[in-house]
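Next up, some structures in structure tokens.
The same chain A turns up in both complexes below, where it pairs with chain B and then with chain C.
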Partner chain A sequence: MNAHLVRTAAEGRRHGPRARLRATARSEWVKLWSVRSAPAVLGATAVVIVLGALVLCSGYRSGWASMSASERAAFDPASTSLRGIEPAQLFVGALGVLAVTGEYGTGLIRTTLAATPQRAQVLVVKGLVLGAVVWAVTTASSFGAFALGQHLLTGPVPHAELEDPGVLRAVLGGGLYLTLIALFGTALGALSRSTPLGLAALFGVLLVLPLMVGLLPSGLADGILPYLPGEAGSQVWHVMPPSPHSLGPWQGFSLFALDVVVSAGAVLTLTRKRDV
Partner chain B sequence: MIEARGLTKRYGRQTAVSGLDFRVEPGRVTGFLGPNGAGKSTTMRMILGLDLPSSGSVTVNGRRYRGMVWPLHEIGALLDARAVHPGRSAYNHLHSLAAANGIPRDRVDVVLEQVGLAAVARKRVGGFSLGMSQRLGIAGALLGDPGILLFDEPVNGLDPDGILWIRTLMRSLAAEGRTVLVSSHLMSETALTADHLLVIGEGRLLADMPLDELIARDATDRVEVRAVDHHRLAGELRTLGGEVTLRPDGTLLVVGVESAAIGELAAARGHVLHQLRDVTSSLEEAYFRLTEGSVVYRAPVPA
Partner chain C sequence: MPTDTSGTPVPAARARRPPVPRHAPVTPLSRGRAVLASEWIKLRSLRSLRATALSGFAFSVGLAFLVCSGFQARWHTLGAQAQAHFRPVDTGLGFLQITPLFFGALGALVVTTEYGTGQIRGTFVATPQRPLVLAAKALLVGLLGFGLALVTVSAAFLLGQSRLSGATPHASPADSGAAGAVLGGALYLTLTGLLGLFLGALARSTAVAISALLCLFTILPVLVNNLPKGFVWRHTVPYLPSNLGFSLWHSHVGFLLRPVSAGCVLALYVVVTAAAGMALLRTRDG
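Here is the complex of A and B:
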């Protein structure tokens, strides 16, 4: 009995809202690194991003001679070396979904929220801890992919330098885009609370939605496609706009960021009243 | 202390918990008893702020759980032993919990030692037996050295050694002055651990009284009598102040008159008896009658 009445030295660490935030962040950090899935998926993400540069840039080098003049004019060496982002987004998005649904699936979320009843804080901090890690890994991988890709683009094939207009922004944009994808996945996971539903929603938005819009008459498709989350957000890692209808890099990125903020807002509104 | 007032939970049209009023006091083991589906787990989830009451309220040390900032220092709970990430080690599971409440890391080693999992601390919990998982869940509840402990069916799936261990642990936690609430659907199990009982059935509170009192009031002795002229004997026993029930087979069930007195009365009035036998009903039967008949017995609420 005495033991729990005695004020311990650790008590000093438990004062104020900042101490509460730090404790939540520390807990989420421990959880992230104490299962194999996160390091494994992050490793796979880095490999896919760099491998994308290797495959695509050596492909363009050998295929350059057979390309038409217009294809050559539209060639964007920076974003070509970054196109590993397209498969990588599925990895980091799924990582975001699973970071939340994994806890709901096992029931661990009850233990988590019993330890930290500040539900909004738990979800936001979980997203931010994952987002920070994803940002660090994918930003480094984007620079790696860019360096490797430009190194492979030799001879008649044009290559880009970081100093060229828009190039540094595109390389940094790779990490920013994938960070938002991870946060988007986290929000979808928290909304659905189910791994299959969360993944279906994520892949639906990123993969299925653009395909379906593509089936519409081209006038209509051109009007909708640029505003879809994946399409809009991707402009930030392109130097040349992929289509004449594309949004500007920051314009598209802001729209995607808004999508993420709206879904996070939905999560935080619903989470207060929902039973766990 | 835990205090519920008019605590009610509805899931759609189904009422899981209905108007519960109770207090769980420190220094004793309170058994939370009720058949499966009675609403025990739902009540515990509401105590922990996980499910929101449809009406009424429940407080922990006078405060709502959702407003607590470092709850593990005040209350620890084991809800579901399998609610862990199978890929995480026992140590890291507890470390993440400790970190969430500013609990020093060396407490993790202490509780792992206490529950007997120190040797497997670095093993992934996916490979744990149910008994080991229960121990891990209890370690999590003890982590913040809280004054209140909640255990939801902690002996489910345990071997006799494990059951004995949990029983001893709960008794010693209460002896240290802590508040201990432990749910079970088994009277036999609860009777061995609890000092006080909260019995619920279909979401309603059926009894709130010391275990001894339930034994005294409900496991009372009754006498079974078979007499040739059972109608006349029944009338005579009633005038002696006995409570007499006539069973369809003609057996009389008598409460309030001892068998010796019945024998003497029968001899004096010239009855032919075919049977005279004391029946001691078990606690299990008392519990069964409580939950089956949904009779409400309440001890007076202490002021």
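Here is the complex of A and C:
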């Protein structure tokens, strides 16, 4: 008997839930990094977050003189340097959707579920692995963007320090918000099982819905806008509330987290029943 | 043994071959017509195109209805300032901030679905004149897109204005600026359709093309429009595609361009993207 077979036999003996969990996590890790686009998308995310700080903070620096007193009072140096998150959510959201739909597209999902018939476990571990990677990259990028942005806000333009109230929460919140966006994308991808549908659903909810509501008369819009998933979730990376109707940072974030949990719950119930 | 016309014997196999049918020689014109016909068939038979066109129409008309109904119902709760600033045409056509996504996606899908299914290989084998294929697609998307855009914007405009009555100001198509705004909106949607088509040819993937369109039309404007209007802002932000389109259908706003120059710059975007798409089409794999 050769060494390979001896090892599989030995592994077979200690087949337990924990060994299976470790094996699933390892296979999801391999799948994430062997999709050619994943490192590129994560790299682009980091670049966009930092680039946002560069463009916006130098824009405010050069245009400060032309701003009115009320505009100056409403200026939030910390979250201005973090607004690269807005374009970056496109990238991590798409990554989340593609993490599932890519597997359906190539048919790899059949092998995955044949190897691990515990479907819910596969999806949960997929979410955890993706979430951990996205969290690490985006949190590091948030700190980078904050440091660069505050460095660019010089002279008369106010700037923020990490010790100021709410600032550390906002910078950490940037990573948390983008992690939830990626998980929301994963859930919507698993619900739709199709790349175009998943992307349309995610960006319809995150980007198009607030634009639609914004067209309504302001009294009506103010009542709806704060509760939309993207709007509620993004309060966590703002120091000053963007509008008087905004939810509090953790209130809004919890509401968004609830949206993600509900969609994940829908996935986990459906995934047991549906064909692959 | 059979002989040919000069009396020399020829092998039996060759002699039995049926005579080659005499086709009309391929002229550039006949090739163009054939390519156009085949593109028309492909366009007609794509289910996702019909779905996108229909949902774009339903979305625009529905949103115009919803927004105008909302203003009609809440007119008396609006402050004096909001009432003074209310422009029925601008509000009724507000959906034009989102509908370009549908038209851009429509244009992109015309190319990317062909790459997705692999049909593009058959297309390029049949017509090795690749730029001609893309030009035929662009002609059809431009013509059909303009028709669809005109119908969509006019229907949404009429339905929206019909909801506004009584104290709420409302516009009729005969009012000054109304017809121009509707036409400008239709032109904006047509140009985004073409921009989507050429972006699709550059990206060759539905996901990438649609993400690029979302970035260009929803994220970038939100990000930079509220920056202080310094020197750099005044020479960059008004030239974003979304702001050029805004100038085409909205009444004039502060630093933005006038409609005619905005239309020209937007057309220039399409031409540059088209040139990039055509150039890369020659050098890249099918």
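The working rule: the second predicted complex is superposed on the first by the 263 of 276 C-alpha atoms of A that agree within 3 Å, B and C clash if a C-alpha of one lies under 4 Å from a C-alpha of the other, contacts with A are read in each partner's own complex, and residues count from 1 in each chain.
Note that in this section a contact is a pair of C-beta atoms (placed from the backbone, for glycine too) under 8 Å apart; a residue touches a chain by one contact, two chains touch by 3 or more.
These numbers were taken from a predicted model, which means no experiment stands behind them.
K.L.:
For A:V171, select first, second, both or neither according to whether it touches chain B, chain C, the two together, or no partner.
P.N.:
Neither partner.
K.L.:
Go through the superposed model and pick first if A:L188 touches only chain B, second if only chain C, both, or neither.
P.N.:
A:L188: touches no partner chain.
K.L.:
If you stack the two complexes on chain A, which partner ends up touching A:A19: first (chain B), second (chain C), both, or neither?
P.N.:
Only chain B; A:A19 stays clear of chain C.
K.L.:
So in the superposed three-chain picture, is A:V239 touching just chain B, just chain C, both, or none of them (first/second/both/neither)?
P.N.:
neither
K.L.:
If you stack the two complexes on chain A, which partner ends up touching A:V35: first (chain B), second (chain C), both, or neither?
P.N.:
first
K.L.:
Under the stated touch criterion, which partner chain does A:A115 make contact with: chain B (first), chain C (second), both, or neither?
P.N.:
first
K.L.:
Now for A:A94: first (chain B), second (chain C), both, or neither, which partner does it touch?
P.N.:
Touch status of A:A94: second partner only.
K.L.:
Provide the residue numbers of chain A that touch chain C in the complex, in ascending order.
P.N.:
52, 55-56, 59-60, 62-67, 71, 83, 86-87, 90-91, 94, 98, 195-196, 199-200, 203, 207-208, 211-212, 215-220
K.L.:
Which positions of chain C touch chain A when the two form their complex?
P.N.:
The touching residues are 48, 63, 66-67, 70-71, 74, 77-78, 82, 91, 94-95, 97-98, 101, 206-207, 210-211, 214-215, 218-220, 222-224, 227-233.
K.L.:
What part of chain B is in contact with chain A in the complex they form?
P.N.:
Against chain A, chain B makes touches at 45, 48-52, 65-73, 77, 79-80, 82-89, 92-93, 95-97, 99-104, 140, 144-147, 176-178.
K.L.:
Using the touch rule from the top, collect the residues of chain A that touch chain B in their complex.
P.N.:
1, 3-4, 8-10, 13-14, 19-20, 23-24, 26-31, 34-37, 102-103, 106-108, 110-118, 273, 275-276
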